[in-house]
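After this come two complexes, each holding subunit A, first together with subunit B and then together with subunit C.
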Partner chain A sequence: MRTFKIVRISVILAVFSFNISMLSAQTGLEVMTKNERQVFADDEKIDITMTLVNKKGKTRARTINQVIKSDETRNRSSIIRFTSPSDVKGTSFLAIEYSDRDDDQWLYLPALGKTRRISSSNQTDNFVGSDFTYEDMGTEDLEDFKYTIIKEETIDGQNCFLVEAIPISTSKIKETGYSKREIYVRKSDFVIAKINFYNKNKVHIKTLTTSDVKKVANSEKSRAYVITMNNHKTNHKTILKFADFQINTGVETDIFSKRNLEKEYSYE
Partner chain B sequence: MKFIANIIYKRPWLVLIALLVTTILLGTGVTKLKTKNNQDSELPKDDPIVKTNDYLEEVFGKKDVLIVGIETENIFNKKTLNKIINISKEIETVEGVIGDEITSLSTINNIQGKDWGLDVGPLMEEVPASKQEIWELRKEVFSNELVIGRLVSKDAKFTSIIANLNEDYDQTIVYNQISEIIKKYEGDEKFYLAGAPINSHEIDTGIQDDVNLLLPLGLLLVLIGYFISFRSAKGVILPFVVVILSIIWTMGLMGHIGFSITVVSSVLPMLMIAISSSYGIHVLHRYYEEILTSENRKAAARETVKKIGPAVLMTGITSAIGSATLIIFKVTSIQEFGIITSLGIISTLLVSILLIPAILSLSKKKGEKKTRKNREALLNKFLLWVAKVSLKYRVRILIGTLLLFVISGIGISKIRVGNDFVKYFPKEHVLRSTFEKFNDKLGGVRTMDIMIEAKEANMIKDPEFLKKIAGFQKFAESQPGIGYSSSFSDIIKRMNLQMNDADPRYNTIPDSKNTIAQYLLLYSMSGDPGDFGDLIDYDYQRAKVKLFLTTSEQEEHIQLYKTFETYVNENFKGEANIEFGGEVMFWLAQIRYIVNGKIQNIFLAILIVLIFCMIVLRSMSLGFLSIVPLTVSSILTFGFMGFLGIRLETGTAIITAIGIGIGIDFAIHYLLRFKEEMMIDSNLERATETTILTSGKAIIYDVVSNILGFIVFVFSGFLPIQYFGWLISLTMITVAFGSLVLFPSLLGIFKPKSLFQQKGQQEEKNIEAIKEEAPQKVIKKTMALSEESN
Partner chain C sequence: MNYKQRKHDIKKSTFEFFSKKKYFSLVLMIIACMASLQAQKEKKYQIGGFIELDHISYFENNNIEEEKINSRNQGILQLEVESKAIKNYHFFGGVEIRDDIADPDRRRVFLDEAYIDIYMNTMDIRIGKQIITWGEADGINPTNNLNPIDYSDIIDTDDERIGVYSILSKYYIDDITIHGVFIPVFQSSIIPATNSRWFVDFPQQAILPTGEIVPALFELQDFEEPEKDIRSAQFAFKVSTTFKGWDFSVSYFNGFDDLPSLYQEFILGQDGVANVLITPKIKKLQVFGADFSTIIGNYGLRGEVGYFRTEDHKGTNPFIDDSFYQYVVGLDRTFGSVIGENNLFIILQWVHQIIESGEDVPNTNLNNIFQESFVGRAEYEISNSAKFIIEATHDIKVDNTYVQTELQYDLSSGLNLSLIGDFFNGKRKTFFGNYEDNNRIQARLKYSF
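Up next, the complex of A and B:
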């Protein structure tokens, strides 16, 4: 009896949510596809100021210069270079993604003057010691999730779709570290306003919020210039402030080389 | 007393209803009782060590841990490694465990140089597929100083999984859930559970088991005792009700006041049985005496209260004072125990004086005659023999006692103080064996935390500073009793080694500040943002060196502390402020309070009792005399402790106070009676014999009933309570010896003026008349009774 009832309720709910999608004439996947289109760039250069704040409000700050380029199959290559504080200046990190094998990653420590290959990171690893994981920093893999529009909500005066993203398989949960994400996508420009992250035990552990969304100069893409990640478990947070976005300026593929890591490379 | 006696005489119902109401009101407090099993708030808040620990927790966070130990022939096999991985994952589901703060072979962050480059990440993410891979993992583990001997034992037979807990975990939930998980993985491996929630759980269980076993046992013993004494339903039930009410009042009061049940105060119900059992007896005995001469029960009850009341009151007050002196200890659990025991004794006092007479005066049955057969012939003979011997060999007894003093002195010099928590449990207890296992296999479970606080932020990253920390650790690890140490410098050393192709020359702190900063950055890339937050603060100004001690000996702990203090004072002079904290330091502070408190407590208790006795006996010299048995007994008890290796610690610290409180009654009763007898004829021998046959006998009964009550404690699951049971019983015997043997001997030798001349002369005339026959009568009568029953 009881199961029957539940089944019935879920059927009703399914029909109901389907109706919402019909009304807004968009599916969750459509919203996310638009978001992905807005986010994706062939190449991108950014200066990032990363501020880590612990629960007592103490801070550690670093600045990073990042260059990303995607190839035809959308595999990304990136170089991260620390520009401050002075004692880590020049520390660089090169990652090249392949679709058919493990990523290559190299690390250059100027103090040792040598480059070491390092084991590839998991998606769930923290991005350079921040509260963001590599998964959080990457682009959406649309085929890995089931997207459903739950409702519409206003965040910071912006109308948003609340899209629920559920990994299609348990292996994807393991890979991404999340059992569910609640993604708030701005209707106006499909930039993400907020994400609630739920860990594998379905606990809401992190919240990402964005602000200062602007159109990037010489590009039709919009970017959030400030992204904050709050970790609710540790009460630790990371604030990323972006400056000087350069999108699709035609970055050369050959800068993503081990040799280049060790050079005093200037991205002008 | 007269007032109380009259109320009982006139309105017994009112008294009973008042008692009932009080019992209900106090009884509701029982539901408020909580157990406390942690060491927090045991010491005064302004204690420097407590302050340091608070500061350390503030800077580095406070985290209790749950530890699973895994032991097998060789942990490097697929099955065991697989279990490690799975348990490390499953332990996350335990409520209260912080999901990604789990340290095990499969989660520990590792930076390992490989032929292809640098492996950054968990030491063992997946079970090695082949023998070759297992061998490589083993090699990595053995070459990693942060893992070998710490997470994995050097004989490869033992490893642990450590999970951090958030602040509001529930020990029972944690215990049950982890036990469930472990059950699933049982096999060739042996699992051990450790950590704060496990300890708390075991203590709670121990307290529960104790109460479940000792309470019925204690009650049964007094029931048997009552039956032997009175052989009547009333004689069993009435004093038994006194015992029950005393327990309810005491525990209820405890709940209302808000004191928690600790290992120390868990003895209270049983202690109340031991103490309250004799009160009812005394009242009932007197009633049976009175009923022989009174016209009815009500009158007998009134007379009982009038006559025994003052004695019961005095006994109660001395005992209550004895316990109350425990508040001089600066250890919360002991203070609270002293207060509540004291209140409990007063409760007993009230209940026994009010309840028994009130009920008796209401009972409708005809007054029964005291039909007790005299079964005391043998005891009488023995007592008379004791009296004779102690007078005859008075000098030898005194010399013998002094000799015992000297021997006890040797014992006292051997007394060792302090114990750590795990020694609360008997050797065979699972917690104890677990503790020893971790201690043996992983080099130390007791910890000392040393905080090195630099003058300004970022100084810890300075190579020279880090080298000093590393130097201190090297020095510390070279001391006997130290298993290993851990600090932020270890991680830097390890990274330097791995970044330089594992060249052992690089197992050092690098010389350049930038290198250190870049290592830190690399490390942070592979870990959480809060990583090593428990080793260093966010500003890089304060670092913690955690020392793991293999010795459980507190004397050695003190020695180590002094050695380290000298070292850091010399080496960090002017550059950093050093604070010592951690579990070991906490216990050292506690034991200092216990030893100091103990000494103060003995002097205070004896002083108060001395003053009390001087007032009651109205004589300085008798006052001094009265404290002799207690003093002797305390010294003998300590001597015993020294020879038997029983330590002075929380449990044993309370003995003297309780012992003195009870024991002083013996002295007062004895001396009062002796004084009374001496006033009759100033005949030392006769007075001694009469006293021993009356007060002496009462003392023997009290000793027996008290020991019956106290001996229950030797069945406790906690060693300190077992020792308490043995030692307090011993104290009872030595105090009785002091009163029955030492008193006659001392009185015979020193002949206090207050007894032998003044009073005797003053009242010579008054007693002239009875001088001739009366004295002999008592003895004759008693002896005749004895023979009759033979």
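Up next, the complex of A and C:
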């Protein structure tokens, strides 16, 4: 089954969440296992502002509205709609994940009034011009990696585990863009504070940092409300600012349909 | 009233509108905008649209004596208002104001779309002036026959589909959607004016029904269109579904060809010169269609077919298109990190037209341009704010080619600059070959708000 790649920004958030009750977890795999449990909320709605900053400091902003729902087999459906700027407003993606076959993905282009079935992107492709790849945005199968706690370190005043993640499965080694990631997990709430990304040549190419971590209203889950990805190769960076998290509010399954994709205001 | 007179009247009425009513229109527009902006504050309405400025220059000036248009300097203001003020309803309206100082025939104030959506449990209905897009192929869609097109600039048809007053209903049963369209009054496409560079001049000679070739003078007569009432109603159905990674649909259209058949009447003078009267006539058309799309590996595979059953099904009337089949099949793929970290999207399609009578037809007819054609497009992201696009088509049967290159640059959010080049090649009396003198460059500045 192809990994569900296209618009799982919220998955990043889940990666940064963790169960506070398991402070005793001391192995890398245990840390990441607990983290994975936080990944799959039944459903989640998010408003996101994505700001692209080039090496000259010039910025471009896009706002996105996303809804995600997981079924009982942990397959996920996602619908995402660009809400600004005006020239891309209304452009929407729908992705439905299956256990037994490739995912369905459609793109709705309001200027053409047309919905197109699209192929899953490569893991290493950039997500809509940002510094995040689809791999960065996706969930990860813990069996695909070897996780090792290297040391403990303080990041922005927070004590963190430094977990090294190295791909070990044949398929992951083939499709990943990274030889290694250094993941800093906060001890206080097990939210990820930072990730260093190393490419296949073992060069440190990107750094992800999080800030403004807090609990979501009416939820036990914590989320990073700001995530920044710095690309050291291009001196470009992408800032994601999250607002209006709504977790486990009972999103209807029929939202994730081509019918709904083509509607305006479909999930407001 | 002949064709020239008709165009003159359109031109005259357009001029009158701009001269006498423009201030009144502006006042109305400002009031509407102010009202909409106030409503926006209350979150009941949204107002948007775009401002576009275009300059086009041709590499070769046309013969001045022919009074052809040699450039275009145009501004477009499109205002769009939509509302979700009432639950399960959606309202949309868009007005386009186009002013072209180089080609007054292209001036217009135009209701682009204006419709109401009604959402029900298992059914959606859209009523009003609307653009309905059918078909899974890219750009060339045999099943997409519901809206006429403004061909006043033949290669600038992206945003030139004309809305039709119609009712569109979609009924949903599990993964099956049944589409129904009713268009009560026919509306034809807009063909280039005689002073347009896209109007192909008549030949100096004519072939008489006897086979004799004589000098000729051609003259366009009145359009013969269906009555502008319920007698010209058109309808269409489509059933679409999704099954295990495939999207399918079958469709049927019953209406009119939005392009006229050109009837010719020969009057041979005593001086041996034939006077050829050309009468454009709109004729009935049915289209049986089907399409599909799926993903195979990293490739998108899509296809579409239409059987166009014209009034001349038996192929006996030389002035009406013979019935024909047209299919399109194509592959597309996005290649990531081609140079640096930028993506490259490529689509390649094969278009084939089969005339039911087996006769060869010239591809100068807009319905017969793509007979055995490859059509491709590549989009390369140069950076986060720049993109290069190249589109090309080559017909191997009639040997003519068209290439369009475009460099897009996002100056800031919502503000885009495009530099476009259009290039034609082919034998004379082929569609693109006829336009070899129309190679041109275009600069477009567009601000969306």
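As a convention for this text, the second predicted complex is superposed on the first by the 237 of 268 C-alpha atoms of A that agree within 3 Å, B and C clash if a C-alpha of one lies under 4 Å from a C-alpha of the other, contacts with A are read in each partner's own complex, and residues count from 1 in each chain.
The rule is simple: contacts are C-beta pairs under 8 Å (C-beta built on N, C-alpha and C of every residue); 3 or more make two chains touch, one makes a residue touch a chain.
All values reported here derive from a predicted model rather than from experimental measurement.
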Combined model on subunit A where subunit B meets subunit C, clash or fit: clash
Touched partner set for A:Asn196, first subunit B, second subunit C, both or neither: neither
Touched partner set for A:Lys263, first subunit B, second subunit C, both or neither: second
First (subunit B), second (subunit C), both or neither touched by A:Ala61: second
Contacts of A:Ser92 with subunit B and subunit C, given as first, second, both or neither: neither
Which superposed partner A:Leu107 touches (first subunit B, second subunit C, both, neither): first
Touched partner set for A:Leu52, first subunit B, second subunit C, both or neither: both
Which superposed partner A:Gly129 touches (first subunit B, second subunit C, both, neither): both
Segment of subunit B intruding into subunit C (one of 111-119, 183-191 or 687-695): 111-119
On subunit A, positions contacted by subunit B and by subunit C: 52, 54, 60, 62, 85, 87, 112, 116-119, 121-122, 125-126, 129, 231, 233-234, 236
Interfacial residue positions of subunit C with respect to subunit A in the complex: 48, 50, 82, 84, 90, 117, 119, 124, 131-133, 136, 170, 172, 177, 242, 244-245, 247, 293-295, 297-300, 302, 332-334, 336-337, 340-343, 381, 383-385, 410, 412-414, 416, 446, 448-449
Subunit A residues within the subunit B interface of the complex: 52, 54, 56, 58-60, 62, 82, 85, 87-88, 91, 93, 106-107, 109-112, 116-119, 121-122, 125-126, 128-131, 199, 201, 231, 233-234, 236, 238
Of subunit B, residues touching subunit A in the complex: 92-93, 98-99, 116-121, 461, 499-500, 510, 512-519, 521-522, 524-531, 533, 537-539
Subunit A residues touching subunit C - in the complex, by the definition given at the top: 52, 54, 60-62, 84-87, 89, 101-102, 104-105, 112-114, 116-122, 124-126, 129, 231, 233-234, 236, 258-259, 263-265, 268
